[in-house]
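The two complexes that follow have chain A in common; it is paired with chain B in the first and with chain C in the second.
Showing the complex of A and B:
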């Protein structure tokens, strides 16, 4: 799982795909996840970090991160 | 040091909802770091907004429609040249380019420079010849066919899958989902622009555009890819953003190099969703109305064109800003009736 090279992420959660001109906004949790993906962390690690930082159980985190990654693929943000 | 003044005649002053490129071109010229542009606007209609934009257009002359013939146009240009000493002329309409390309040698002999595609280059990229063009230059193009009448339309459509794009030879394009729709669009477009009508297989994907400029000797001087982010009801881009897509710049480079294209051009492409392959759907043989985005991205294509037309050597632009946006707006100018009266009666302002 790797973010495309053309993706720029701002501190305020604005995500820009320079190859397609698409832009998105995400909340702080989405930003946290995106930054971890950008840093090359795999889904398991991302899930671990999310459950450490936020009050969320493992299975909910797994399901939500799975949905989020699916959305990233759908929007052509992942290689 | 004072910059050299260059008198530049520009058409396409119709900055309306489906704008001509003239005003965008003029803005680039006025921002030139190399010369002081004095703009002579060439108009066809009395209400082209550019006529009244006195901060951009220094003097305006009406010129005859291309349909009137080259001789009439030439004689009008000779008159304007006597008064204004035109250094460079930049035609911005597809429909007038044929005349200006024909007249280019004569204008050059009068001291009016231009940088235009040759007649061969202009003809080769016509919508109806796109398949041939794609084969010759090894570029993906959607299958297309040219039809002149309803019988041909019916026969040809049997070989296409719907939806099909129905296009005018110069302007307008509609997506048809059935034979009945295609027939209606055939009549609508042919009544306005004549025949032939071009049928093109619809490609599902993202529409992208590239504004580019070639030096006429096989070198790409600049190219900026853009995606329209706001499209009006009539299909015109009202906002757009510059993209980082090297494959589109490479396509422009390939075309300019293989055709020795001279002057501005716009590539219209679709990147197919399922494959990511870019299909060339049209080449417009002049700058697009959004060419000022290229200026905003650091590539002043109109300025480069004038410098090359004047015989200067221009180095290719090496990069451009990605993520720059253009957003059009409408604006009501308040104009004096006397200005309208003057252009309407004398053909000059």
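Showing the complex of A and C:
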């Protein structure tokens, strides 16, 4: 799971794909996950970091991160 | 270390060039309380889903409507349209405020009687009245609004049989410039049917023609159409006076005023385009005051507005059952109430608010009900903050028709509560249970047992 090189992420959650000109917005937790993916962390680590930082159980975090990653693929943001 | 409040991660594609010149409110204000009572407490006490009626909004809306008309016309009477919401508690709020009852079936008629409405203050409308219904209404002195000639002849026969003079009005349909024209009820004004009926009534000398009634449509966004209707009704009344020397006691302009709900496909929201009570009152009152009645012979103006009177006072509370993705990536949220409880979701884009704190990050979503049916869609496209399983939502403006047209399908119908003026919660209709549902069923003897 790698973020495409053409993706720029601003600190307030604005996401831009320079290769296609698409832009997106994400919420703070989405930004947190995107930055971890950009840093090359795998899904398990991402999930661990999310449950460490946010008040959420493992299974909900796993389900939601899985769904979020699916959307990143749908929007063609991952290699 | 205290952990941060969790919210589902969301990413949303941004599209440019689709806003309108009015802009759009993108903020989401959680609706956590109804008249001072917490939504989460209501659901904890009474379950989810749950209908909630605000007594304060009912009374405030009635008073607003009454004031709009009575400041413009000297003689106004409201009649509560039972079919819009016939929960007894709702009806009695309006009766306490001074409304008569307006019913369209024997069931509703009996309900109004049991609520304590005097027979002569129950207007009996609609095409469905049996001979027995007529007998009861005549005996009680109720105004009977005649829908068709068969009903007219039946009443003439009954007046002989009962040796009584039924108090009647005729329902008039007419062209007010609105399409579609509602011509299935009553007698037409333009083609002379209305005059035929009036002549028959007056020449029979058996019926007491006390009023004229019309109901020009529903969710009427053009207030001026009521001005046209009022003019035509006044014209009939004045000509009856001229021809027969008979004064018509009341003109009943019916209902059909729009509520602030947004119709599907509408460009602007209902709260931006729906006329106010003052708009309707201005057109109706002006037409009647200018029609040519002698000042001491102005007829009583009766109004049967239902939807605009009760929609705002009704809320439906519910919970998120699940989230999923559709094949095209859209978020689908499944709620614990569907079209079985929200019949009006077939034509309204109901406003739906989260009932707990939420972020301002919205996501496009489809809201589905829990029924195992493809048609069970509450909103086809709505922007909502990320909702998690178990989160609660508030649907606004569901007071009209949903509590009378709801379907018992697959599941049992939920409770209805009313929040009073002191923020006290009253159960006004209990939820159904299996015994309630099955007590009308009978299983033939040979079907009572089986082996599997």
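Following the convention adopted for this analysis, the second predicted complex is superposed on the first by the 79 of 79 C-alpha atoms of A that agree within 3 Å, B and C clash if a C-alpha of one lies under 4 Å from a C-alpha of the other, contacts with A are read in each partner's own complex, and residues count from 1 in each chain.
Convention: a contact is a pair of C-beta atoms (placed from the backbone, for glycine too) under 8 Å apart; a residue touches a chain by one contact, two chains touch by 3 or more.
These numbers come from a predicted model, not from an experiment.
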Overlay done on chain A, so just call it for chain B and chain C: clash or fit.
fit
By the touch definition at the top of the document, which applies to A:37: first (chain B), second (chain C), both, or neither?
neither
Chain B versus chain C, judged by how many residues of chain A each one touches:
C
Looking at A:21 after the superposition, I want to know if it touches chain B, chain C, both of them or none. Which is it: first, second, both, neither?
first
Per the contact definition in the header, classify A:3: touching chain B only (first), chain C only (second), both, or neither.
neither
Can you report the least C-alpha distance between chain B and chain C in the superposed arrangement, rounded to whole Å?
6
On chain A, the footprints of chain B and chain C overlap at residues none
In their shared complex, at which residues does chain A touch chain C?
13, 15, 22-30, 32-34, 52-56, 60, 64-65, 67-68, 70-72, 74-75
Show me the residue ranges of chain A that touch chain B in the complex, using the header's touch definition.
6, 8, 16, 18-21
Counting only contacts in the complex, chain C reaches chain A at residues 3-14, 323, 325, 329, 359, 361, 386, 388-389
Would you tell me which residues of chain B are touching chain A in their complex?
206, 226-227, 229, 240-245, 322-323
